[in-house]
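A short worksheet on the structure shown next.
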Amino acid sequence: MPQISLADLNAAGKADFVAALANVVEHSPWTAEKLAEQRPFAGIVQLHTALMAAIQSAEPDVQLALIRAHPDLANKTQRAAGLTAESADEQNSAGLDRLSDAEYAAFERVNNAYREKFGFPYIVCVRRHTRDSILHDFETRLRNIAKTETRRAIEEIGRISALRLDQLVIAEDRLKVHGRLSTHVLDNHAGKPAPGIALELVELAKLGEDRVIARAATNADGRTDQPLIGGRPLPIGRYELKFSIGKYYAERGVQTPDPPFLDEIPLRFAISEPEGHYHVPLLVTPWSYATYRGS
Amino acid sequence: MPQISLADLNAAGKADFVAALANVVEHSPWTAEKLAEQRPFAGIVQLHTALMAAIQSAEPDVQLALIRAHPDLANKTQRAAGLTAESADEQNSAGLDRLSDAEYAAFERVNNAYREKFGFPYIVCVRRHTRDSILHDFETRLRNIAKTETRRAIEEIGRISALRLDQLVIAEDRLKVHGRLSTHVLDNHAGKPAPGIALELVELAKLGEDRVIARAATNADGRTDQPLIGGRPLPIGRYELKFSIGKYYAERGVQTPDPPFLDEIPLRFAISEPEGHYHVPLLVTPWSYATYRGS
Amino acid sequence: MPQISLADLNAAGKADFVAALANVVEHSPWTAEKLAEQRPFAGIVQLHTALMAAIQSAEPDVQLALIRAHPDLANKTQRAAGLTAESADEQNSAGLDRLSDAEYAAFERVNNAYREKFGFPYIVCVRRHTRDSILHDFETRLRNIAKTETRRAIEEIGRISALRLDQLVIAEDRLKVHGRLSTHVLDNHAGKPAPGIALELVELAKLGEDRVIARAATNADGRTDQPLIGGRPLPIGRYELKFSIGKYYAERGVQTPDPPFLDEIPLRFAISEPEGHYHVPLLVTPWSYATYRGS
Amino acid sequence: MPQISLADLNAAGKADFVAALANVVEHSPWTAEKLAEQRPFAGIVQLHTALMAAIQSAEPDVQLALIRAHPDLANKTQRAAGLTAESADEQNSAGLDRLSDAEYAAFERVNNAYREKFGFPYIVCVRRHTRDSILHDFETRLRNIAKTETRRAIEEIGRISALRLDQLVIAEDRLKVHGRLSTHVLDNHAGKPAPGIALELVELAKLGEDRVIARAATNADGRTDQPLIGGRPLPIGRYELKFSIGKYYAERGVQTPDPPFLDEIPLRFAISEPEGHYHVPLLVTPWSYATYRGS
């Protein structure tokens, strides 16, 4: 995606400024127009704060129009008709383009129920979610009153626009929109980090298929060269991190029975803070293991 | 199954003695006949030792006939034609009557390959195995020479007959044919055993369906009232023990995020010693857990 | 110490009954006289309950006399003059006959302050305490009002008499006056209990010398044949349990550096429930260890 | 201490070069003279390699003179007479200026025994040692033959000179002469790093007094701002790292008994690799703790 510097945004003509930020808020260029007059912005945090102030101070009918400008989630007809590139990317990142039949049916059911109750589409920052957590959020929010949901929708628009700004605008400061998931394997049998351990991160799903979302091997320090998830929000959801321990000890000539007591070790945990740092290490011997939320 | 005391066996007429032990070795009453002359037996271990000595000292052609008197594993035609009740029970205990298509095909393939190479059926004490470990054993033994496999077949007949004797004969001593799998949940957040935790033991399978083989809840001491597996050999194989931890902490009012970092915790391990004691405890907080092979 | 059965106590003449129980409450045979009339007792718990009821329903001046019949703790003059055998044993069990100078001074100071404030001696069931916890209890109780301390003194007399009854009277039921401290060493490097590990239990003291109060070695199951403390209350206090791990791994030929990363491992913990069960296990490899309050 | 850049050393006149490196090898300026001719050096590692080559290729009598130019360890007469500043600093760093009587006697005994057997002083790079490990090394080396000890002495001169060069010369590359000891406290009760925990690192001594060698408090990430030992070799020896856990939980309002099950937690471990990284974390709840050699 093309990027633009904050300095260039500050210096641009109004039309160019509005064009650059046109898709930060779905189908709502008026928001960019309001910001144009407030330039220059000292940083991206200030820019995003101003954007949210503009939305929050808009008249209720303008806010409602803004909310209604958003597409339904996982709506096949709308997908065919064309989403903005941003919306399509975001929905695909959560796997909404590859739903199981049961998931598709569940999404359709809650979409309809939500529209029927509130008269506007359910909005959520999908990059912060998995399929399961969207359905859970959906069902929780269906119980709210309309006023609460208007506020929640604007909150989510705030998160969506923050992520879009983060990808679009190069500035010296950063919006706090990324999380990090990391691991570390310590071999307590040898008293050393465990290198060369194959591992797999799986996103668990109640209604659909579990998805492998990362594969890696530990390096000389027992860590992965890259975070398992980084440079983006951590999708709220349940995960399983699997480590091939049997192979590791077999290759080192450690005597183990056949089959080995521990072979593939699954650590199952959930993420609830998309902007947090989750460190999920494994302390292991051929006969024991431990994990914890670390830092 | 009817049982008989060792004293009664020692005192019985020869015909009754042979009838009582007729099925201890598949379709081979001559083994019981040999034993009849050696009475009285001081214990069941001595009885079983004498049985094995009788088999081991038999002529090669008699041994071969004994081996050939055994059915194939998981052979549908033979099942229809009728196995001994003992064989059927044993095969069913390992789930051989509920194989997936892939498993059935695998068993048929190795059965045929084995018969073709050695000219006699593959014999294994199925109560000491899962579907996966039988297939693994099969493939390992297919690489042996015939002489080794004759010896291995007799070894397995020894294990099968020991288990059948253990179920049939009441004596003061015991054959060492049982293992034990137990667990214990310690709540390191509260410094106490964790009561009321629902748990499930699953037998994992590569080619077929995983099977839940035990369900229980922890008692006031954090243990289960009964061993997860006891009073029988532990089937060699891979297992997953699942603990409902999220529910436990929620019920105790411990603050956790939504979704909780830990909810259902799976411990995955393998059993390789059917007559061993496996203690697989869980040390847990809402943010950490550990397990090890205990005692 | 001579023991007597509850049946014999129930059947005894009044004088014999009173003589048998004369020292259950320090220098206060009237308590036994009251009990004599209430016989027969169905059990030792009922007997002790009746004793406490007798004391609690006595007139305030009688209660005060009862309290005043008790000796000061760690008072050298009184020791020379002669305590009851029971008092002397109890005080010695907590090491009050072997105080350091600093401890002796501290005891004298709080004894005097207590007597001065309340007009009666400080009473505590010393078998439930260490030197440190008595001094801590002393200082806490010095802040109470007299009425509270009268109640506390009677509570402690209840605990003292329960322990004396437990040692004196043989009955079918038991007073809940004992605790238990146990340990277990699991070798997570080998996946087995760790036998033959020398260990030492030390009572820590702030003002005086630390005291080794138990020495043992682990058996084949990694446990000690006897509890580290059992058959008595666990003295409230701070402890260190030391395990000779370096020697254990050296003897098994496990490669470790010189000096080994782990050699003598100290687990430091406190006991606050004298009648509780404290299980303090050690999970160990040459490079890691863990402990927890178990069960 | 004044420092000099490698570039300046390379460019210096011979006399200045020799003067600058005069004390890198105790009382042996000839070593610097040999190096002067080999300039320029591309890095400090190359410089040190050349120094060791010069010593190793010297005639045996020159090597012996070099060894004899070194002082005895912990020799009071020599201290009074004056060591080089470098030697004095090094000996003081290991506490050799503050020995207990028992330690002083032990050092004198082994010094004399060593001199008597080999005819030259015992040389060791004291910055890599504690009092205990020097005595242990002394006794081990006393069993060697003279030829081995000549080689060992030169090895130790190599380590001493590497450390002196490291402190004296500024270059782009670094000699691998430093180790690092770090810790990290994870609160598994709260699922977070534990900030504000007071901790103390104690060097343990068999014959003399234990010495507190570092005090710190954990920061917001549960780590210490500086390594517990860093920027120098880690002295081989036994240590205890103590954490004030009771206070930490009390301040957070976590309910614990009086006294708390865990209060001050000691982790006892040994260092055997002076140039290694030792990470010794604490995973803790009010009821459990674990440690391991991490990375």
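For clarity, chains are labelled A, B, C and D in written order, and residue numbers in each chain start from 1.
Please note the rule applied: a contact is a pair of C-beta atoms (placed from the backbone, for glycine too) under 8 Å apart; a residue touches a chain by one contact, two chains touch by 3 or more.
Every value quoted in this text rests on a predicted model; they were computed, and no experiment measured them.
Considering every other chain in turn, the ones in contact with both chain A and chain B prove to be C, D. Of the two chain pairs examined here, B-C and C-D, it is C-D that is joined by more C-beta pairs in contact. Of all chains, the one whose mean C-alpha position sits at the greatest distance from that of chain B is D. Chain A and chain C have Cα centroids separated by 58 Å. With centres taken as mean Cα positions, chain D sits 46 Å from chain C. Within chain C, residues 188, 191, 261, 283, 285, 287-288, 290, 292-293 each touch two or more of the remaining chains.
The touching residues of chain D, counted against chain C in their complex, run 133, 136, 236-238, 257-266, 268-270, 272-273, 283, 287-293.
Across the complex, chain C meets chain B through its residues 186, 188, 191-193, 221-222, 283, 290, 292-295. If you check the complex, the residues on chain C that touch chain A are 188-191, 261, 283, 285-288, 290.
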